[in-house]
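The structure under discussion is supplied below as structure tokens; questions concerning it will follow.
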Amino acid sequence: MHPPTTLEISSQVIPLMATLMLVVQLLLIAQRMLLTNIRLFAIQSLLLSGIAAVVAFNYNASHVYVVAVLTFIGKVVFLPWLLNRLVHRIQIHQDVEPLLNAPSSMLICAALTLLGYSVTRPFTSLEKLGNNTLAIALALLLTGFFLMINRRKALTQVLALLTVENGVMLAAVALTTYGMPLVVELGIFFDVMVAVMVLGILVYRIRENFDSMDTGKLDQLKG
Amino acid sequence: MLLLTPILLVPLSVALLCLLVPSRRVMAALGVLAFATTLGLGIALLHEVLARGVVREWSEFLSADALSAWMVLLISVVSLATSLYAGRYFERDMAAGVITMGRVREFFVLTPLFGTGMFLVVLANNLGVMWAAVEGTALSSVLLVALYNRRNSLEAAWKYVILGSLGLALALLGTVFVYAAACKSHPDSLPSFNWSYLMSVARQLDPLQLKLAFVFVFVGYGTKAGFAPMHTWLPDAHSEAPSPTSAMLSGVSLKIALYALLRFHILTTACLDGGPDAGFSGHLLLGFGLFSMLLAPSFILVQRNLKRMLAYSSLEHMGLICTGIALNSPLTIFGALLHMGYHALTKPVLFFAAGNIHQTFHSLEFRVIGPGVGKVLPVTVVLMGLAALSAVGLPPFGLFFSELTIISGGLAAHQITVSVVILVALLASFCGILQQLTRILLGARKPGDHPTDARRSDGVPAMTLLLGSLLLFSVWLPAPLLELMHQAAAIIGGKP
Amino acid sequence: MNLDPLNFLGQTLALLLLAPLLSGCIKNWKAKLQNRRGPRPWQVYFDIAKFLRKDMVISEHASWVFSFAPYVVFLTALLAGLMVPMINAPAPLRLFGGVLAVVGLLALGRFFLALGGLDPASAFGGMGSSREMTISAIAEPAMMLAIFTVAITAGSTDLSQIAQSTQSATWKLLNPAHVLAFAAMFVVLLAETGRIPVDNPATHLELTMIHEAMLLEYSGRYLAFMEWGASIKQLVLMTLLVNVFFPVGLAGPQASVAALGISLAAYLAKLLALSAVVVVVETTNAKMRLFRVPDLLSTAFVLAALALLSTFLFQ
Amino acid sequence: MLLTFALWAYVAGMAGALVLQRAERLANVLGFGLAALGGVCGVVFSVSSLAAGRAVTIAPVTLWSGPIPDVRLVVEADALSCFFVLIVSLVGLAISVFSLGYARTYYGRKNVGVLAAVFNALLLVTTLVFIAGNLWMFLIAWELMALLAYGMVSFEHEDREARQAGVLYFIMSHLDAACILLGFLMLAQAAGDFSFASLRGIGAKLSPQQRDAAFMLFVIGFGIKAGAVPLHIWLPVAHPVAPSNISALMSGVLIKTGIYGLVRVCFEFLGPPPMWWGASLLAAGTVSAVLGVLYALMEHDLKRLLAYHSIENIGIILMGIGAALMFLHTGHAVLASLALIAGLYHTINHAVFKALLFLGAGAVLHATHTRNMEEMGGLAKRMRWTSLFFLVGAVAISALPPLNGFVSEWLTYQSLLQGFGTTTSLVRLMFPLGGAMLALTGALAAACFVKAFGITFLAQPRSDHARNAHEASLPVLIGQGVLTAACVFLGLFPTAFLKLLDPLTQQLTGHQLSQQLTLANGLVLSDATAQGGTVSTLGITLMAVYLLPVPLALWAMFGRKARTRIAPTWDCGQRGLTPQMEYTATGFSKPLRMIFKALFRPRREVQREYDFSPYFATTLRFESHMEEVFQTRFYRPVNLWLLRLSRRLRALQAGSLQAYLIYVFITLVALLLFAS
């Protein structure tokens, strides 16, 4: 059995970190510099892997450690590096221009967070870690979704997609007693990696063909 | 002996082989070989399923019931026709210099991968793995859509991948919820994530959580299956992809996503059954199915691009299938499954013909193609005409029967408004397709506008294969297949 | 079929001989009323005989229809006449057709008359047939409605039957329905026989003539048959009016010779009275413009409709 | 089994023609020859079984049972089927003979093999429609019929008009198929089975609302197919552009499938009719009759004119059927049978003379290469036989004695007149008024055919084409001759034909009337009442022959010495009449156009150029347009509205990824709120 103290601590820590993830998300939304965005995403992923680690430590569930490690390697190290590289490769430094300005997007995100809470209210989760973590996960997902809508640059959309992914993973880690079965975790992980690579390839090609990454330019297919 | 494993391994190995093979012809041949094999295996699987009920391998990691077997057959047939057609198609493309050998290789590598992914979707027992497989199909098909590396194809691919992976993220969340529900019902141990297991414990799962999960799964897989209003990527991707890929996307890929959705639908129905909101998932399916059916025709009516029109027609048919399943009477579900099959045999023909037209006139815009295609490509036009008749649901083609079955089933279920809506939608899309095709296929060429490089026999084998089997199966279905479909219908209807 | 040969022969002769005399009388009285001496009543006989003797000039454009038409016109008028009771109630051909057949036969005649007008490629003929068909078309419904009114009350379309039931006690001659139908029928008569105010039989002024325009290219015996047929048609319609709507004194089946005599006298009297009315109408009215004629005929239609409505009320 | 043989003959003809399409002469002979053979068999079969008075001639036979539960194809034939099989076979026979000659005009130009094949296929599926024994068979044959007819309407698809006509036709046919399907399914739900046998009298099980709904659906569906106003919009567009032999088939037979369906459904399936069913049919029939002929009058395209007359005659048929339904309601079964007989008699009559007229039009079209009457004329001299046949058809369709049109309209009049006494409600006024409208229709039809025949065949040729016209080939004439003979027979010997209708009325209304309708051992046709009217077309004809000596004798008496001289027409002293001086078709119908201004709303443009005074114009250009009120007031607006709506919706797919994401987003949020 686990010493109660750690459990108490972790039951404090996990929601905290989750909330931090949400904060980072909000920063992402407010933030305009592309490179900073990537760093923020890295931080968020770091928090995620941290949560995974804590969960793993709590239940000393070995395969959740694997998740933590994979997340760290993949989302904290590899992807940011890849994206940075891409950014340098296709020299774009000018900041991203959102459709909505920061304050109004903030308001919307607040509303979405509320929605997340209200939706997850009905079922109190399995044990002490879960409940509002789930709400946060949902909030992450919705805000990430909004972020995706709100950004024009192809790369930032990729980032937004990844934050959505983070939200889902948070749910996966926090909600289920011991995370998902390993095979699933692996599958998901590699899918995400491949997805990012495919996206990278497309971004690269788009850059080549359109001399820009502004997806606003991709509106030729109508009707 | 193993059945499911080879079904996965054969196309996979062919894909790897194609990385090495030098010549285009060999790659094409390999593709045909692969899917011919899987077709054979599929038929074997059919009998196996009829004999044993459910076929499991790798300690239930792979399992196939009637529904999966049916899907395996569909995938194999469409992929087989596609690889039959692809050889000549890319030969002409390369001759015309619109595509490099590298890209062609990409196609012949990715297509079997695409197939493998779809096979895995229908054979995986584990819902998480199923999700991963769906994502895999999405990723491989994205690259196929972007094959021509033109501006339009890239745009289409981008929209496809963004909407697709976003949707799949939602689907993943839904999947997680389901698993969470499972964990909640058995807090002590790490429960299995197998569909069969979940079905067995369906009654103990938390209905509220499952409802929520289904909402996410529905929006997620629904996006992939192209339900309006999440369908927006569909016409772009289907029209900009090379015609063989369009055929696969329209012929099976949509149905695969629907299959994934159906698994959850069955689970949810089983869980919510008898509860306050029983049939919740059914209502969603019905609503969105009808909405898609109603939305599609208006786009067909004012459509200017051949393949986009075909894509919208696919939207229509998906809506109908969905409605048929949602009506949830054995007859309508059976009709819907049959509809899947007939549609899978019909739509590729149309896309192949569209491919020929595209390669002859170098455009898909109706006004560029102009009237009198029949004077240039008589054979293609005849085959396309037949396929179009089937697509709009005229006898003696099977879609006529399946549509009528669904409609009369709707009446039998006292859903007269549903039936009327279906009829109206079908009528509208009929009008659209009829007048658009009449405009381009019939008539005389404009003077001095007679393309020289018209090849009359392109793709005829593939098309005749499909149309022939369509006609055959419209008037006669082998008893085992019938039995299989009845069992599949029973599974969907929640009475296994 | 019970075809009494005597009756048949008698009525045929009566039709053939009486018709010209009647139109002669009308011409004569009209002249008198206009302070002219006018032709003798029997002048028409001479005209017909003259026409029969004369050579024929046939248009080079005319086809076989042109030569076919006069016989059709003549015979249809005659046949129609044999279905209308003149002197004794069971008309000779009563079995072969009632009022519907009469209307049909007259229409057949008109059909060929109009074709004959078109055939010689002259503008007048075309104009004439166009107008003739138009007027008859709008006259038809009024006529039918008027006839239905009596036919419904008699429960039959057989003219002799109608006449008899009209005579019999069950039927009051002054039934409003009856009177209205009679009025409607009279207007139709004017239109059908080409009388002022619809058409002017006396004129050959291009723009106003209708019936004459169709005959313009006919000559010799064809013209004779055409004219004669026209006068027979007129007689038939008048007989229809007087004997079906006003069958006073009409002899029944197997009537005695005396009865027949009375009936004949009554018939002639009624006929002359009716022609007098026609003459008065013709002299006191001016010819209408072509596009005014529908107004007149629609009045007739309304009268007939009223007649119908009143049968509906009084039954 | 003769019918089976006929069907196989059609199949063989279809296959043979397709196989031999390279050798067009052979394909022509084989295809249409076999079609004619099948026609003969069909005629013999139906006449024999009707004469034998059998109610059921083919017990239900299952041809094929499909993969889906209770999807099977069943055929059965009762008296009603036989009657309509008679129509299709008789007309088909004549048309196939005609086509043997007519198809030659397509040699080298179009694929005669396909033409012959589709012709056979059309005969096949039409026959199948009539002998269908369950819903599936009926619907499949029905849809195939529409499909094949579409192929034929757009057979000469090189010109745009034909393509558009084809599309319109197919869309309307599909619409009617949908209505019929829904109606049948409503019945089938109550019966729990798709076979016609189990649908008999099923209406009794339905609630009144359901029955009325089903009735409305059927009326719309079959009304479209039959071309009843205001659902006729496709008919005058589609029939003219098809090859003439197909036009004849469509106008003569295909639209009768609508009548067949109505009779089948109203008299057998829907059960005892309320008053308003019959009344509405009667009203619709009257309107169709009058409007059809009025629009026909305004046409100077010969085939369009004939097409509009089909609408008129369908109206007359509907009047009979509607009256019959009303009498069924009031419980006068005998009278109902009379009205029904009138309607069905007119059905076969119209099939015969309309096909005849279309064939004549085809021969003329072939000779003059135009459908425009303004460019014809003088053909009576150049095409003697064709003109004779056409004249017979014209007299028949104008309901003039002694031909068949007159007989069926006489029966209609009789039933209407007697109808007045069947009820005391105000509805009974419909009967005489309907009769009056029928009279108007007849008179207008006569006017119209004076124009059609006179302008087309008489007077001077109006164009070189007409001047160089020549008589048609022998098979073409024989084809028309057959139908002419049929017209004469049906006209002169109605009592003989009525015997064939006995099993039919027995089946539908439970009465046999031919005895009561026959007087003087078959010479005279009576109206089945003691004192009622009688008519004898044969007698009239015989009398005409008796009386012919009168004019001849007069001639002999007076005009022995008279001579005949051919001379120019009187030209008012101008130098020679030119065709320009003749009355035109437009001019002929001008008075009626002016009288019915309110309906036609003609638009005219006159452009005159003059040097010094408008009264001495140097050039004069006159244009006159007319559009159907239904087209302008209903169909076009609806069409435009639909297109506008679609364009609006098109904005949804504007190409912006953001917008698409928002759709998904909104859907998700909405569903989340809906779920929790």
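Note that the chains take the letters A, B, C and D in the order they are written out, and that residue 1 is the start of every chain.
To be clear about the criterion, a contact is a pair of C-beta atoms (placed from the backbone, for glycine too) under 8 Å apart; a residue touches a chain by one contact, two chains touch by 3 or more.
Because the structure is a prediction, the values reported are computed rather than measured.
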item	value
Co-neighbours of subunit C and subunit B - touch as defined	D
Whole-Å separation of chain centres (CA-atom averages), subunit C against subunit D	35
Length of the line joining the C-alpha centres of subunit A and subunit B, rounded to whole Å	31
Averaged-CA centre spacing for the pair subunit C and subunit A, given as whole angstrom	101
Intercentroid distance (Cα basis), subunit D paired with subunit B, Å	45
Multi-partner residues of subunit B (each touching 2 or more other chains)	158-159, 162, 166, 170, 208, 212, 235, 299, 302
Multi-chain contact residues (two or more partners), subunit C	none
Multi-partner residues of subunit D (each touching 2 or more other chains)	650, 653, 657, 661, 668, 672, 675-676
Chain pairs that touch, as defined at the top of this document	A-B, A-D, B-D, C-D
Residue ranges of subunit A in contact with subunit D within the complex	99, 115, 118-119, 121-122, 142, 145-146, 148-149, 152, 157, 215-216, 218-223
Residue ranges of subunit D touching subunit C (in the complex, touch as defined)	377-378, 380-381, 384, 387, 391, 395, 398-401, 406, 410, 413-414, 417, 420-421, 426, 428-429, 432-433, 435-440, 442-444, 446-447, 449-451, 453-455, 457-460, 519-520, 523-524, 527, 529, 531-536, 539-540, 543-544, 547-548, 550-551, 554-555, 557-559, 561-571, 577, 579, 581-583, 587-592, 594-595
Residues of subunit A that touch subunit B when the two form their complex	119, 122-123, 125-127, 137, 141, 145, 148, 154, 157, 161, 164-165, 167-168, 171-172, 175-178, 180-181, 183-184, 187-188, 190-191, 194-195, 198-199, 201-202, 205-206, 209-210, 215, 218-221, 223
Residues of subunit C defined as touching subunit D within the complex	1, 12, 16, 49, 52-61, 63-65, 70-71, 74-75, 78-79, 82, 93-101, 103-105, 107-108, 110-111, 114-115, 118-123, 125-127, 129-131, 133-134, 136-145, 148-149, 151-152, 154-158, 161, 216-217, 220-221, 224-225, 290-291, 294, 301, 304-305, 308-309, 312
Contact footprint of subunit D on subunit B as seen in their complex	158-159, 162-163, 166-167, 170, 208, 211-212, 214-216, 218-219, 223, 229-230, 232-233, 235, 280, 284, 295, 298-299, 301-302, 331, 334-335, 338, 371, 389, 394-396, 400-402, 404-405, 407-408, 411-412, 419-420, 423-424, 426-427, 430-431, 434-435, 438-439, 442-444, 473, 475-477, 482
